[in-house]
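To keep things simple, chains are lettered A, B and C as they appear, and every chain counts its residues starting from 1.
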Amino acid sequence: MSKSSREIVIPGHYLGELKDFKPGRGTLVEKGKIYSNVLGIVHESPPYINVVPIKGRYDAIAGDLVIGIVEEPMSSSWLVDINAPYPALLHVNEVPWNVDFGETEKFLNTGDSIMAKVLQVDLEKKLQITLKDRNLYKIRGGHIINVEPSKVPRIIGKKGSMINILKKHTRCRIFVGQNGRIWIDGDDKNVALAQQAIELIEEQSISFGLTNKVEEFLASRLQ
Amino acid sequence: MKSDKKLIDENGKRLDGRGPDQLRNIKIEAGVLHRADGSCYLEWGGNKVLAAVYGPREAIPRHTQNPLKAVVKARYNMAAFSVDDRKRPGPDRRSQEISKVTSEALEKIVLTDQFPRAAIEVNIEVLDAEAGTRCAGLTAAGVALADAGIPMKDIPVACAAGKIGAEEKDGKFTGGFVVLDLGKEEDNFGNADLPIAISPRTNEIILLQMDGHLTFDEFEHALDLAVKGCQEISKLQKDALLRKYKSDVEVE
Amino acid sequence: MTISPVIKQEHLYKLAEQGKRADGREFNQYRPISIEPGIISKAEGSARVRIGNTQVIAGIKMDLGDPYPDTPNSGVITTAAELIPLASPDFESGPPDQQTIELARVVDRGIRESEVIDLAKLCIIPGEKIWIIFIDIHIIDYDGNLFDAASLAALAALFNAKVPVSQPRLKSGFDRLIEKFPEAEKYVKEHPEDFPLPMRDPPISCTYVKFNNAIVVDPSIDEQEIAEARITVATDIDGDIRAMQKGLLGSFTVDEIKKIIKDSVINGSELRNKLKESVGK
């Protein structure tokens, strides 16, 4: 990634000509010119030019692993808050238990947290999630913190490099949902430390050499 | 209304010392509130305005949902202590009208079809008022929307121009100067007020209101001044956003 | 309503058992507080108070008014609060709900019953004309503990306020008054300039919540969400109790309340010093 493509741009900022680039996410096209449509960072991935938003609600994509909070049990489904503009639907057919009609509360109630996967996003942005997978379950214990969904890639790092450093040094179990919710479980002091490290990554997400900074921070606090 | 003071002298100098095409002092700060998804604090002359954005989130009640796109709802409100004579809390008719024209302007510029069935709520609160609050409010709303990460064609910006110092006799107006950004006395004792909002990239007009008396030539001049004013303020909006987020970027 | 995960509640409960709070504070510790007076030029008095991320602006407006029949020679106070939609995703626009009204009334009582403003000195024509003080509280960022933030903001705004006797907008009001009551002219001559509101040492309110048998001061919004019971105590400079308000469905033991009162006196005195420092008294 070249230095110039870490430029911050505002909506309406001119990026280039349609004849030179293909418009990627975060862009709009008018009269053969490409503009940014959001406050974000320019990212060239030739032939595409994209703008990655700095802030904003979680934009659900099928296949994403997310942490949801149950809002309302209904007769044969649950409404789940996944930090998207809309609540997601979890149908009784999409859970690993046998749930009778009207018995949904026995399995998941308001305020329960779940590790789920986005099943489908339709044209009207209606969201469906599932719990039917080996690594999906109802969460017990631990602590959940919220970060900007746009910072999730930084917190995970290239091929998990950043998250592995966090796990190694704090000896906590950490799961990062694509929707900006992070679950941390471990010794209280280490959970607090992991939280501070994540806040550091959030604040300095565009910096270079962040992985080293975080490692230094954790090492110094653990002495 | 008549004033004993002369609003503008022979050299084109106004009561507060400004020239005819000068803006009052403007300061803009992005991302100032903790709970809101996006926010902006703006000072414009004696105006102090706070704007906050929540959304996109599901539009409630259901009947307000549009299955094809998001609904943009702006709410303009003046604090009880923001004006000379205390204002009773609650929306009055003026606030409701401003809320409506602001909502319409913003809806044209936000890329609403990315969020069917959702609502994007824009709250504009005037904390200290001194003429031109609707322009200050919309300008702050534009920054707050960008700060919230809402996709838009452009950041909307607003500004007003008007006419002061004309002589009125039997309903006929003579003389008068077209000036940019009316101040308090100019708004009270002036002859015309023309607030506009534009998309600065294309100069497309998304809000326009006018009251008073303007000849066609005066209107052209006022519109031209207001658009130029908007362009100047657009730079300040951009600065405010870059200042807030550039501190993340390390310079190597 | 945004739903809070049960796990968060369990986490805070667990920390409380160990004497800890989620943001690292002591049970009896306030978040950082800042008090800025005089921020609104149109108001007769104003102040912005920040407690942690909670932000409140209070504005004072004054006008000529009629006295209440049972206090014909005293000024009048009226307090209103607005939990504007700006401040939280859960606040809606519209007429004040119960939470807003309770807030306004609790702040109002703290000022009115404690007689922190010497209302007798705000009489213009006995039995006919007095000064009316409008206290308007605007919550602009909500992160818990509105009672203390709003009370501090209202007090700071009052200390910052000047009676607008020489302001041009009141000239016609005074002219009309003098026509009806010639003795009003004497009042105007005796008060040629705007003067500060006659204020006494204020009682300071401190709010506590209880969860999992832990009692903590200045609840953050997370702590407020899981609180079983809440109590606000206002104490004065002599350490005496001036107002109390309990909220929520849970209960306190008598011993818990006594301890809270003792802590309020200490917390209250610190806040009072901060308040006086910020308004230059």
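A few remarks follow.
We take it that a residue touches a chain if its C-beta (ideal position, glycine included) is under 8 Å from a C-beta of that chain, and two chains touch if they have at least 3 such contacts.
The model shown is predicted, which means the values in this text are computed figures rather than measured ones.
Farthest from subunit A in terms of Cα centroid separation is C. Note on interfaces B-C and A-C: more C-beta pairs are in contact across B-C. One finds 35 Å separating the Cα centroids of subunit A and subunit B. Each chain gets a centre from the mean of its Cα atoms; for subunit B and subunit C, those two points are 32 Å apart. Subunit A and subunit C have centres, each the mean of its CA atoms, that are 40 Å apart. For subunit B, the set of residues touching two or more other chains reads 57. Residues 39-43, 46, 53, 55, 57, 59-61, 63, 80, 82, 84-89, 93, 95, 134, 136, 138, 140-143, 169 of subunit C touch subunit B in their complex. Only residues 37-38, 55-58, 67, 111, 115-118, 146-155, 199-201, 237-238, 241-242, 245-246, 248-250, 252 of subunit B touch subunit A when the two sit together in their complex. Of all residues in subunit A, only 3, 6, 8, 10-12, 26, 28, 30, 35, 37-40, 53-57, 85-87, 123-125, 150, 203-209 touch subunit B in the complex they form.
Listed in rising order, the residues of subunit A touching subunit C in the complex are 69-71, 81, 110-113, 139-144, 183, 188, 192.
For subunit B in complex with subunit C, the residues that touch the partner chain are 33-36, 39, 46, 48, 50, 52, 54, 57, 75, 77, 79-86, 89-91, 121, 123, 125, 127-130.
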